[in-house]
Amino acid sequence: MTHLPDQGPQPGIHDLGYARLDTDRLERTGDAEVVYGAGKTPEQVVELLRTLHATHPGNAVLATRLTVEAQEAVAAALSAAVVDPVGRTAVLGTPPALRGTVAVVAAGTSDAPVAAEAATTARVFGANVEVITDVGVAGLHRILGVRERLDAADCLIVVAGMEGALPSVVGGLVGVPLIAVPTSVGYGASFGGVAALLGMLNSCAPGVTVVNIDNGFGAGVFAARVARRAAPRETKDDV
Amino acid sequence: MTHLPDQGPQPGIHDLGYARLDTDRLERTGDAEVVYGAGKTPEQVVELLRTLHATHPGNAVLATRLTVEAQEAVAAALSAAVVDPVGRTAVLGTPPALRGTVAVVAAGTSDAPVAAEAATTARVFGANVEVITDVGVAGLHRILGVRERLDAADCLIVVAGMEGALPSVVGGLVGVPLIAVPTSVGYGASFGGVAALLGMLNSCAPGVTVVNIDNGFGAGVFAARVARRAAPRETKDDV
Amino acid sequence: MTHLPDQGPQPGIHDLGYARLDTDRLERTGDAEVVYGAGKTPEQVVELLRTLHATHPGNAVLATRLTVEAQEAVAAALSAAVVDPVGRTAVLGTPPALRGTVAVVAAGTSDAPVAAEAATTARVFGANVEVITDVGVAGLHRILGVRERLDAADCLIVVAGMEGALPSVVGGLVGVPLIAVPTSVGYGASFGGVAALLGMLNSCAPGVTVVNIDNGFGAGVFAARVARRAAPRETKDDV
Amino acid sequence: MTHLPDQGPQPGIHDLGYARLDTDRLERTGDAEVVYGAGKTPEQVVELLRTLHATHPGNAVLATRLTVEAQEAVAAALSAAVVDPVGRTAVLGTPPALRGTVAVVAAGTSDAPVAAEAATTARVFGANVEVITDVGVAGLHRILGVRERLDAADCLIVVAGMEGALPSVVGGLVGVPLIAVPTSVGYGASFGGVAALLGMLNSCAPGVTVVNIDNGFGAGVFAARVARRAAPRETKDDV
Amino acid sequence: MTHLPDQGPQPGIHDLGYARLDTDRLERTGDAEVVYGAGKTPEQVVELLRTLHATHPGNAVLATRLTVEAQEAVAAALSAAVVDPVGRTAVLGTPPALRGTVAVVAAGTSDAPVAAEAATTARVFGANVEVITDVGVAGLHRILGVRERLDAADCLIVVAGMEGALPSVVGGLVGVPLIAVPTSVGYGASFGGVAALLGMLNSCAPGVTVVNIDNGFGAGVFAARVARRAAPRETKDDV
Amino acid sequence: MTHLPDQGPQPGIHDLGYARLDTDRLERTGDAEVVYGAGKTPEQVVELLRTLHATHPGNAVLATRLTVEAQEAVAAALSAAVVDPVGRTAVLGTPPALRGTVAVVAAGTSDAPVAAEAATTARVFGANVEVITDVGVAGLHRILGVRERLDAADCLIVVAGMEGALPSVVGGLVGVPLIAVPTSVGYGASFGGVAALLGMLNSCAPGVTVVNIDNGFGAGVFAARVARRAAPRETKDDV
Amino acid sequence: MTHLPDQGPQPGIHDLGYARLDTDRLERTGDAEVVYGAGKTPEQVVELLRTLHATHPGNAVLATRLTVEAQEAVAAALSAAVVDPVGRTAVLGTPPALRGTVAVVAAGTSDAPVAAEAATTARVFGANVEVITDVGVAGLHRILGVRERLDAADCLIVVAGMEGALPSVVGGLVGVPLIAVPTSVGYGASFGGVAALLGMLNSCAPGVTVVNIDNGFGAGVFAARVARRAAPRETKDDV
Amino acid sequence: MTHLPDQGPQPGIHDLGYARLDTDRLERTGDAEVVYGAGKTPEQVVELLRTLHATHPGNAVLATRLTVEAQEAVAAALSAAVVDPVGRTAVLGTPPALRGTVAVVAAGTSDAPVAAEAATTARVFGANVEVITDVGVAGLHRILGVRERLDAADCLIVVAGMEGALPSVVGGLVGVPLIAVPTSVGYGASFGGVAALLGMLNSCAPGVTVVNIDNGFGAGVFAARVARRAAPRETKDDV
């Protein structure tokens, strides 16, 4: 069944047939488009990464949510790409000079994939990144022991599943802008991350914002934007 | 265990044992019954399509939600059938003269299967169809660039997942009747399309109606009924 | 606390301080903006209606969801206005020549306010309107008795609360485009209209679309747009 | 790790180690215990059926929710058993003289497994059973054509998925006690049968009761208890 | 705004303007229509009761969900009416000879209004009624003490709020058909009766059916239909 | 409408007409029945308290969820009663010698009513009680400053609304049995306490149990039962 | 009933009996504690504001969610306070030199209270604030007309109810860090702001973070923290 | 992509790279950390068990939620470990002298895995354990037959799926502290254990606390803490 002919070429759009890349986005928002790997074939991921890289040679370009097959295809086809099996990301090219620091804080070891996605994203989007893991609230000495490093960052990403209490505790310790990322870690009445999401939305610590469940990418974009426009701080001796 | 004998033959019903075709529907509603493929065997799909086609030789008959196996069985058994692996549909026969135009608009590439099902259905049900894809709201120039084509249609089907914002934007641009189709594209708090569904039900643009998640078929039926009874428009030069 | 100065005047916008009327909407979509009365003071409703009427003297302008106080204020201040206490609407001015016919069908007497809002809206937006009430599915002879009138309409609005089954029954009787409106009539597990909403979204009759709970206005806008562009039908002898 | 010794033998309980059969139930409630197959191994199903049959030689005993493997194991081990692959049940033994009639009515072909489970259960629990299928509300002539047979039954079981409207329509046609069974047939906003469940709980037809989603068994037990204690009716000439 | 003329008179319908009584229902289903008082004015309730009584002089007619004002209006206008302030019902006229027995069992004192509505309804619909209250599962000796009376009934209505466990316990004691009615008694995670509703739908006792939250009326209709067609039992010496 | 006669007297039950007191409960469970004030008239509360006190003169008896009117009626009629307007409770009589210690810990000042209900209940049920308030996790020094007092208790009740993170923090600090009580304090996505409830059910600290939203009473009963059977601890010097 | 003595004085805490102010928070996080007015008496609000002001004379202190009574009490008792009836806030004292700019963008006039709370909060927490209202997506020219002003801000707060689509559109236009605030504006399937919340969490525009429904305060705190540490921008000529 | 260096060593933490063991927990809370097996490789489970055992040679250490592969790896690598395939646990080492008794009560055979996890956990955490299975409320004689044994325990764990009614019945029989564990046993409207969870949270029996769905571990920890600090009881002759 032949449909009527589709739309013709438009400025600011690169049409690959199965996708139309928004090549104008870097100009418009300061950041290039990203390859969201879910539902795409390994071949499409490779082609999209290559095309984006050709369009933006002076930036790093990113692919997220890659299947194992897509990771292998990228590694085979694009030797310059850096593939992270934990965060399921691939990066091609080098970001411009990094500015500011994002600290990614994760409650438990099961939150590592989301934390890794957030960390990689923030760096691709132009910020230095520090990762602090396994500091859940059931052992407070762990998070209290890194308080100064939290305070020295320009933006915090706090990743937690289950009851999602870590952002409230961190948000009470320091006044750094804090993005909470609920993860789908948990079972039963965690409802795939809903319990953590609700906990974070209702945090008693002021100044906590939240992204979608497992959305390390969105948190990384946001945090990089905050960090890279932050004025240099005098107290960041320890970074 | 033998149950009591089942009901006997009834007028307007064609009994195949595992299904009773409502052969009276074309007379009653102007449209023939359709084969809903989910849960049916490839053999049943083939037989149902063949039977419907024999009953309604002057119409196109449609099967939806076909598994890959069912698609292959239809292609093998019914050489005249047109099978669409993207929309997972099969069509047998030719629709009567097409009247009016339905524009199917999709936000992202992941929404393609639902858009294809809607487009095929609208055409089988008697309308011309135009497809416009990958015009999500995060790059407004894409949708603004097709405004005139939207305005020229007799009915719009707008397909979107995630937050489902596209119908609100389109509904503010033109006054054409608009059916919004939420898709299950998304993750986490998209809850399998619920976020998009709620967004569309609460659209601030007046005159937006909504169908079930991923229900391209229902939107196609409705839009074709609107388009094919629309009076010809003077401004549709570009179609 | 003085904030920075707000935005200046913009074309296509009439700024009243507490609201900015989109005076360009008639040009853009074919329909003027409407006063949504919820949360507005009686004085604001009166001023908005008067301003819209002055901007669009050749059209009828509409206010919906009016409190009793707002209804009384409109009646007192705008003697030409037609106030409907059942549908909680007010209309000022006369719509252009009406085209096509919308049939508004309501399941029970408790659905009357939503049906009235839908009917008034459809007429203000330019369609003839016919209202058929109290034809719930628990007494099928009532809906079967009006089948021909349903079939003669250009668009149907079917209003129902509780289990919301009426659209499925009507949608199986005729092939006219059908918009289902769930109402918040019910108790317990009706969850304020959610049961009816879900029932309508899952209708087994093809070609049913749905609007938000109690959204007679949205259904009226949509139906009028369908009806007024419909070609005259030969079979509508009985209207 | 050895736990303290478990409880010893108790009257009215037959302990098989992995299950304790409530052999007193027939005496207490008039009906023997049933083998719920979900989560049990084929061997356990066979042994439980055999044990129940030995305990209640004068009754039929029933196993439900059998996997294909369990069905095959029962057929191989218990040659007297009647296995139904549609309803996923097995029956061993003969029920006492059947009394009264249960009519099982199903909306669509996809509802067949639940209808079959209900029908088999009602017969094992002592009632005559009549099955009427594919009479969904989108083609009313189908259900209107069997009105007299519905009226002649002592109890009705009405099975439907999607919007679950059929019980409301049937409940408005006849005054026979009616048990509605929502099925998980549907997609998207059907939420695995929740839409149908809510629709049935909110039925506008008086005297409709509801069981859990896909619970043909529960409906069958209840209906049989109603039918077998019903006084013979004078009007049931057609049964 | 004048709408097109409404539908004319139809057989089997008594049109009061604000409502159309289904006077054919008694013929069709064996039971007369009922006045659902929610959302109706006291005057409407009085007129509807009077009209129904005039149409069905040989039956009792019922009004439910009456406000205090409506109860007072009925008592003042219709001296023959029996008004029950606990169940919020009014009854006019006498039911035909009662047949069979319905036992209404309530868990707690807060469930009394729903139990009273169920009891009155069952009697109006033609069954003898026995009421057993305050037999919640937290004091098992209370329900065990009435086991024989439960067993002697033809149909049971079991009313409970909070966790809704009583139907499971009763359903394990006797084999009488059992309708469970969840009530909105509770707080917090009872979600207005949802916890009890879910508990009853998932009852481990076979043969439990459920109606909507607080729907004593629906349970009463159903139970009366079961009881009045039950054959006389030999063991009911104690009734 | 006269129903059949209700049940006669039963041992272990004191029938007041509108309620049947389970006077056997003290014997059976070690604790007397309690007056749940919600939905009861002030006169009923007074009579129930007086009756319970007369039945159990050696114990304290408790009424909860009292309206202001009920509180005043109790104070006027029962001069020996202790009424707490914060926790909305009344106590009549003296508990036996208190054993063990329950520490009630509350996150914020808005949680005070629930904490007070828990504290009063625990004391009536026989435990010493210590109250620690306003130690929310957004200021960790507050909870860290009372760590030794937490450790010295025999059972902890931790009350919190919003995200409900306090039990996780406390549960990581000490190994005392901990009952978490979610409160309805919050707004928006707290959903009346659901966010706190889910947070507590998913606590990453082992050994946290939970009661219903705002259920200070239930927590108090449970904690007293734990505390009063605890063996004296050697380290409780500071209590 | 006398409980055991409560905890004694602690450093960093100012105990008012009904509340314990966290006077250490300014030192710890850079921002003073705030008076959350919900559930507090007018007298408590006045005393808390006065105490916070005395503790932090060099800062502005803020009270939010004030009832009309509390607003009047503050205006009467604290003549230096600035009370905003729209945002329901009161401010006492002057913030230090403002740094950076927060733009608060609201979709509709009904969102004004939440936008006002956000704007006042951001200024009290040390940022310049610009407010842009009534730029909903159904009239795109309104938001496109202010694109440059959006781009010039250091942080954006985007407030919207109903479907909450505005953040996706704004987030596609500029690369400024963006905090989305869902409001409870809407009806039916908006579920008190849930639809907007889900829409924002699933935004297809990268870099959108979200706060609780109606939480203008939280968004203001976060945005001020971002803005006041932002390096001066060269392109902000138009501010 | 190389991130900045991670945090260095900290006291009370044993860093294995993929996890940081909280070796201080035994000191802090009286109980060692536990290996939560979900999402861990068999090799990680073995190493974590071995490390924990080496750190706490005088205690038993526990791993839960083990896959079949992890169970086999533990059995192969750690010959002293006791692996329970029903409860999916492994235990290494011997607990100190057991004190007090926990009774684990399960409603149905399908609840066995959760009951086994609870029983093993309670014993590892230092309590004697008694297991009572298959005593669901639909056959009350089963639970009434073990009443004395329930009364003799120091703490009860009551495990049930479906409607979760067993804790209410047990909580009305004895006054022993009772922890209810909802299981995900059920289908349809059980929603994976939500129905049982809500039922238990709303139990009408006072003093019932609840843990997450299927959380036998949490219940075991809590119950052991209660039991092992309970004073010896005089009435426990039958244990």
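Letters are used for the chains, namely A, B, C, D, E, F, G and H, taken in the order the chains are written, and counting of residues starts over at 1 for each.
Please note the rule applied: a contact is a pair of C-beta atoms (placed from the backbone, for glycine too) under 8 Å apart; a residue touches a chain by one contact, two chains touch by 3 or more.
Computed from a predicted structure; not experimentally measured.
K.L.:
How many links in the shortest chain of touching chains run from subunit B to subunit E?
P.N.:
When the steps are counted carefully, the minimum from subunit B to subunit E is 2.
K.L.:
Out of A-F, B-C or C-E, find the interface that copies B-G, where copy means more than half of the contact pairs are identical.
P.N.:
A-F
K.L.:
Let me check something: if the centre of a chain is the mean of its CA atoms, which chain is farthest from subunit G?
P.N.:
Computed centres place D farthest from subunit G.
K.L.:
Taking each chain's centre as the mean of its CA atoms, which one is most distant from subunit C?
P.N.:
Result for max centroid distance from subunit C is chain H.
K.L.:
Indicate the whole-number Å distance between the mean C-alpha point of subunit E and the mean C-alpha point of subunit F.
P.N.:
Result: the chain centres lie 36 Å from each other.
K.L.:
Mind checking the centre-to-centre distance between subunit B and subunit F? Centres are C-alpha means, answer in whole Å.
P.N.:
57
K.L.:
Subunit G to subunit H: how many Å between their CA centres?
P.N.:
44
K.L.:
How big is the gap, in whole Å, between where the Cα atoms of subunit A centre and where those of subunit D centre?
P.N.:
So the centre of subunit A lies 51 Å away from the centre of subunit D.
K.L.:
Could you list which residues of subunit E touch at least two other chains?
P.N.:
Where subunit E meets two or more other chains at a single residue, that happens at 28, 138-139, 172-173, 188-190, 194, 197, 201-202, 206, 212.
K.L.:
Among the chains present, which pairs are found to touch?
P.N.:
A-B, A-F, A-G, A-H, B-C, B-D, B-G, C-D, C-E, C-G, D-E, D-H, E-F, E-H, F-G, F-H
K.L.:
Taking the touch rule as given, give the residues of subunit D at its contact with subunit E in the complex, in rising order.
P.N.:
Residues 28-31, 34, 154-155, 172-179, 197, 201-202, 206-212, 217-219, 221-222, 225-226, 229-233 of subunit D touch subunit E in their complex.
K.L.:
With touch defined as at the start, can you tell me which subunit G residues reach subunit C in the complex?
P.N.:
Within the complex, subunit G touches subunit C at residues 82, 84, 91, 101, 109-110, 112, 119-120, 123, 128-134, 138-139, 141-142, 145-146, 149, 185, 187-190.
K.L.:
Quick one: which bits of subunit F touch subunit A in the complex? Just the residue numbers, please.
P.N.:
Interface residues on subunit F, with respect to subunit A: 107-108, 136-140, 144, 162-165, 168-169, 171-173, 186, 188-191, 194-196, 198-206.
K.L.:
Which of the residues in subunit C come into contact with subunit G in the complex?
P.N.:
Within the complex, subunit C contacts subunit G at residues 1, 3-4, 6-7, 10-13, 18-20, 22, 24-25, 28, 38-39, 182, 184, 192-194, 197, 212-215.
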